[in-house]
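Look at the two complexes coming up: chain A is in both, with chain B in one and chain C in the other.
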Partner chain A sequence: MDAAGLKALTPLLLLALCAVGTMLLAGFRRNGRLAFYSYQGGLLLALLSLTWALPERSLEVTPLLRMDAFFGYFAVLFILSAMAIGLMAAGHFRRGGGRARVEESYVLLAICLLGALVLAGAQHFAALFIGLELMSVASFVLVAYPCGGRPVEDGVQGNSLEAGLKYLLLSSAASAFLLFGIGCIYLDTGSLAFAPLPPATTLSLPGLALLLIGVAFKLALVPFHFWSPDIYEGAPTPVAALVATLSKTALFAAVLRYVWYGALLELPGLATAVAVLAALSMLIGNLLALRQRHIKRLLAYSSIAHLGYLLVVLLAVGHAGLAIDAAAVYVLAYSVTTLGAFALVGCVCEAGAEADYRLEVFGGLLWRAPCLGASLILVLLSLAGIPLTLGFIGKFYIFAAGVEAGLWWLLGVLVVGSAIGLYYYLRIVLIMLGPAPEAGGIGGRRWLVYGLALLLVLLGVYPLPVLSWLPVL
Partner chain B sequence: MTEIPVEHGLLFAAALFCIGLVGVLVRRNLVFMLMSLELMLNATAFVFVLGGALHGNADGQVMFVMILTLAAAEVAVGLALVVHLYHRHRSLDADRLDVMKG
Partner chain C sequence: MLIWLLLVPVLAAVLMPVAEGWRRDGSRWLSLVALGLQALLLLPLGSDGGTWWLESRTDWLPLLGIGWHLGLDGLSYLLLWLTVALGIVSVLISWREIRQRVAFFHCNLLLSVAGIVGVFLALDLFLFFVFWELMLIPMVLLIAIWGHDNRHYAATKFFIFTQASSLLMLIAILGLAFAHRAQTGVISFDRDDLLQLQLSPVLAHWLMLGFFVAFAVKLPMVPLHTWLPDAHTEAPTAGSVMLAAILLKTGAYGLLRFSLPLFPEASAAFAPVAMTLGVLGILYGAKLAFAQHDMKRLVAYTSVSHMGFVLLGIYALNGMALQGAVMQMLAHGFSTAALFIVVGMLYERWHTRDLRQLGGLWTRLPRLSGFTMLFALASLGLPGLANFVAEFLILAGAFQRTWPLTAVAALGLVGAALYSLLLVQRSLWGAAKPAAGAPDCSRREWLVLGALALALVWFGLHPQPVLELVREPLLRVLDAPLAHSGVELSSSWLSLRGRGL
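Presenting the complex of A and B:
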């Protein structure tokens, strides 16, 4: 690795330093605020260093990583998401009073982000593996984080322990599937780089099938989705936001690069399998969300459906020039909207002494807190993909890519899925217009919600700044 | 010494993987579930060693070391959570983890 490679790696090195530095700081002086500033400062430095460190042309840094416009776009998106999650975490963990130990959560968040950046730049299975597991192992701990202190007999701690163990067992089993798949491909081709498969292969197809199962587990695609609502329900809200946005979008970025470099969709069987996963996720995700009365579980099912929409883009790679752009725009729309939704859950559902995640808690929100209510309406409209929000721009791009690639029946399923989605998103709006619950308070970081909602509308009305900056590939 | 065919190694790895998978699915004791996970990961590690021997490059062995590291990290976190669960419920039964439904 030469000086240019080292320069391109600066953001990753800064993030690793941020994780280690925050941990050392917590070792010498236990102060939640200090750890928070160290975390946000480190992320800000990494973000600023990106402008300087990102090479002009695509640069291969060791055989593992490739630093190009694709990496730059996703890196900026992931760092900004992680900063928003850090803000949510600061608000959330403070709720537990002064006793709660919050410092380590920032260390783990920084490690998660580091894994996400490695995934965004991965062009080799070893990098995919390292990035994925950095992210997974740190998020197991984060999901179970509330039970870290003295055992207290209350619901929050018990649920988070259950969620953490379930996540650990299922995610590790999925990792094993993924690794076995990679092993088969390696046995066949003798190389771990993202490259097209040789024409005469015996083991690569079963390997790809195992790889697909592992990825589908981690992205929570139907029929491998059953773990995700439980994890969202049990995890602390900022961590649920992390699992919903960063974990999924980073893995999706790496898979997108593999599909693109490996020209995988030339293989007919694989394209059909991915199409079936996409269709099932869009339909069943939305259908299961219909009967949910718990906001976090509803968001989990809605996120399953959104990943189904994203898979449509994956199928268009290689057939439509627009595909990578469409994926980039949709990942942005999905991240901003989902973060906004979870920030709102943090404000509205966790205001009282006992967190209450029933949908009824949103009753009368538009009258109790007009700005928050309006933000919630915007977030829901963006999730549903209504014009003038970022969600619409994302869905429009997916449609354009799908039309260009001629994926007609999948686009039909997408329309049906979106129509079902509209029903349950608008039901929350109806609840919000209805009567207020007896004990409903508002708390937490309102301005984060306002900021994300404003971003949704601004970029929905005037998306040019993002569109002009898309990865040119 | 006669060469062992690759197919035999792969069959061995697949059998080990399946034993691990069945263990994760049917065992109800969390410690045994973690052990079964280890078995699955070791089976995959074996495939990489096999690939490295077949193609004569070091990639497979590097992956082996990393999979070992992952397994250790996962079990460290897993056992910490299991200890917490034991403190709370005085049991290692995975069926205790069924509060959330829906």
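Presenting the complex of A and C:
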């Protein structure tokens, strides 16, 4: 690796340093606030270093990573998401009374982010796997992270331990599928780089199928989605936000690059399989969300549906010039909106002594806390894809990519799925307009919610700054 | 200038809490001032001979060929007046009815008005779609917060129907934009650009259907009408008025402004189906209206019937019928809004809308009953009132197209007579039901109902200004196929002018 490569790697190195530094700091002095500042400072440095370190033209840094505009766009998005998650975590842990040992969580978050950045730059299966495992292993721990600092028999912690164990087992199984698939492809092609498959292949197609299963597990696509609501429910809210945004979007970015480099959709069977996964996720995700009374489970199912929408873009790759743009915009919209939703959950549901995630907790929110209520309406409208929110721009791009690629029947499913989705998003709005629950308080980091809601509207009304900066692969 | 038409209600909506803090009725007065300002802005406008009276164009998302393109012509002008007038009416009739969260109510009302104004002005399809969706959100909130018992169900149904159908329109819009890119190399959402497209018949057919479904849901057309009775019944009176009088018109406007000019051949080929559905709506709406006990539901179904006439008129595709359709939009706006207001007033006094529990109102409330009678007669199409002119023109125009369908549609007039007279008979006549001291019309109510009655009579006796106003835009709608296929469609138009209508 030469100096240029090293320069391009600076953000990743800084992040690794941040993780190590925060850990050492926690070793010497256990202070949650200190760890928080160290974490946010490290991320900020990494973000700033991107402006300087990102090469002008696409640069291959070792066979594993490629630093280009695509990496830059997603890196910025991921770092900002991680910073928001860090803010949510700080608020969440402070509510536990401050007795909990929370310093390590920032270390784990930094490692997660590092994995995400590796995925954003991956052009090789080894990088894909390293990034994915960095992220997954850190998330297992985070999902089960002792929150609230209460004894082990505490119900909250029991839930999160259960969720962590589930995540560990299922995710490991998925990783095994992934590895097996990669092995098959390697056996056939003799290369681990993201590249088109040779024409006469025997093992590559089964390999791809296994790979697809592994990815579908991690992205929680129907019918591999069963873990996701349980994990969302059990994990501490900021970690649920992490699982919903960073883990999914980073893997999606890597898969997007592979599909593009490998021209995978030329293979006949694969496109059909992905289309079926997309259609099932859109329909079943939305249908299962209909009857949910638990906000985190509802968000889990809604995010299954959203990943289904994203798969439509994946199918358009290679057929539509807009596909990569659409993916980038939608990932941005999805991340901002989902983070906003989880931040709101943190504010509203966890205000009392006992966290209460029933939808009724949102009752009368618009009258109790007008700004927060308005933010929630915006977030929900964005999830539903109504104009003047970022969610609409994302959905518009997905429709555009789908129309350009001529995926008519999938677009039909998308319309049906969105129509079903409207029902439960609107139901939360209606609950919010109704009477207030007896014991309902508001707490936590409101300004994070306001910031995200403002971002949703600003970029929804005038998305040009983002659109003119979209990556070209 | 056009921007101000949009900005005034938005600014007023933002200032609502301030006005509320200033004095108790502040938000009501502010709404009136904002709508009055809009009327003042509209007043001096007039045609200068070009296609658009006023046009403005600004870049929005140049990457995608999306611009902030607004334009005003006679058709938009007429509908903007309708919007402003009924906006003012909505504020006035809510003066007593809405007592909770008054500022927020008027905020939503004005935002809805802003969205509708945007729909009537937008000439960029992306922009149109944005306004098309935006006008719904405040309306859904109006129904969901200030509606009657079953309001959540109605709001959800309304929201899902309209949003899902508009997604189909979004697909069609994108299809057009990409077709434009395929032909010219540049992507564009501008109506002027898209009018130049040469589409293959199959593609044009499917894209036309995308638009048609979105507009037909809003219109509403049988069998996509089922949201309407619920939404109208559960909404507060002002919400019903806005829905019936203005929101439904956006569907017809969309057909006239976008669907017909963009897909002339496909629309002409589709016309028999659309006309049949229109006639079906006329009869079905009338039949269901006849069977209702709930007054508000009855009026809601009359909307289905009346808007069936609009659909029939639009797809008859000749000058007379199109004029009639526009006239019907106007007349239905006034007469149905008035009927909803009357029902709201009765409900305020009797706390029931059930026709079985009402009766003998004439002896108790002579003034209000007189108005009810007048509006019911307007609804059945009594000569001398605006609805008659409209329905006559539509039937006369459609007759030149297909006489059997027109004959069936004319049966709808019998149905209209049935339900209107039933409404009158069951509520106004018969034995008086006991009721606590219910005052007759207050001065404010008198003003509102009187103005609406005056409008109906005025346009019924002297429809010429309206017809003149929309002549140019409608001619252009009919000329669109001429430009494409050279078929002489506007001959009936000339004969119409010859007769001096």
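We take it that the second predicted complex is superposed on the first by the 466 of 473 C-alpha atoms of A that agree within 3 Å, B and C clash if a C-alpha of one lies under 4 Å from a C-alpha of the other, contacts with A are read in each partner's own complex, and residues count from 1 in each chain.
To be clear about the criterion, a residue touches a chain if its C-beta (ideal position, glycine included) is under 8 Å from a C-beta of that chain, and two chains touch if they have at least 3 such contacts.
Bear in mind the structure is a predicted one, so any value in this text is a computation, not a measurement.
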item	value
First (chain B), second (chain C), both or neither touched by A:141	first
Touched partner set for A:415, first chain B, second chain C, both or neither	second
Chain B versus chain C as contact partner of A:230, first or second or both or neither	first
Comparison of chain B and chain C by chain A residues contacted	B
Partner chain(s) touched by A:166 [first = chain B, second = chain C, both, neither]	first
Partner chain(s) touched by A:176 [first = chain B, second = chain C, both, neither]	first
Chain B versus chain C as contact partner of A:430, first or second or both or neither	second
First, second, both or neither for A:285, with chain B first and chain C second	neither
Which superposed partner A:91 touches (first chain B, second chain C, both, neither)	neither
Residue numbers on chain A that touch chain B, as the complex places them	125-126, 129-130, 133, 137, 140-141, 144, 147, 151, 158-159, 161-166, 168-169, 172-173, 175-176, 179-180, 182-184, 186-187, 190-192, 203, 229-230, 233-234, 292, 294, 297
Interface residues, chain B side, partner chain A - complex	6, 10, 13, 17, 20-21, 24, 30, 33-34, 37, 40-41, 43-45, 47-48, 50-51, 54-55, 57, 59-60, 62-63, 66-67, 70, 73-74, 77-78, 81-82, 84-85, 87-88, 94, 97-100, 102
Touching residues on chain A, where the partner in the complex is chain C	367, 381, 384, 386-388, 392, 396, 399-400, 402-404, 411, 414-416, 418-419, 422-423, 426-427, 429-430, 433, 462-464, 467-468
Residue numbers on chain C that touch chain A, as the complex places them	60-64, 101, 129-130, 133-134, 137, 140-141, 144-145, 152, 155-156, 159-160, 163-164, 167-168, 170-171, 174-175, 177-178
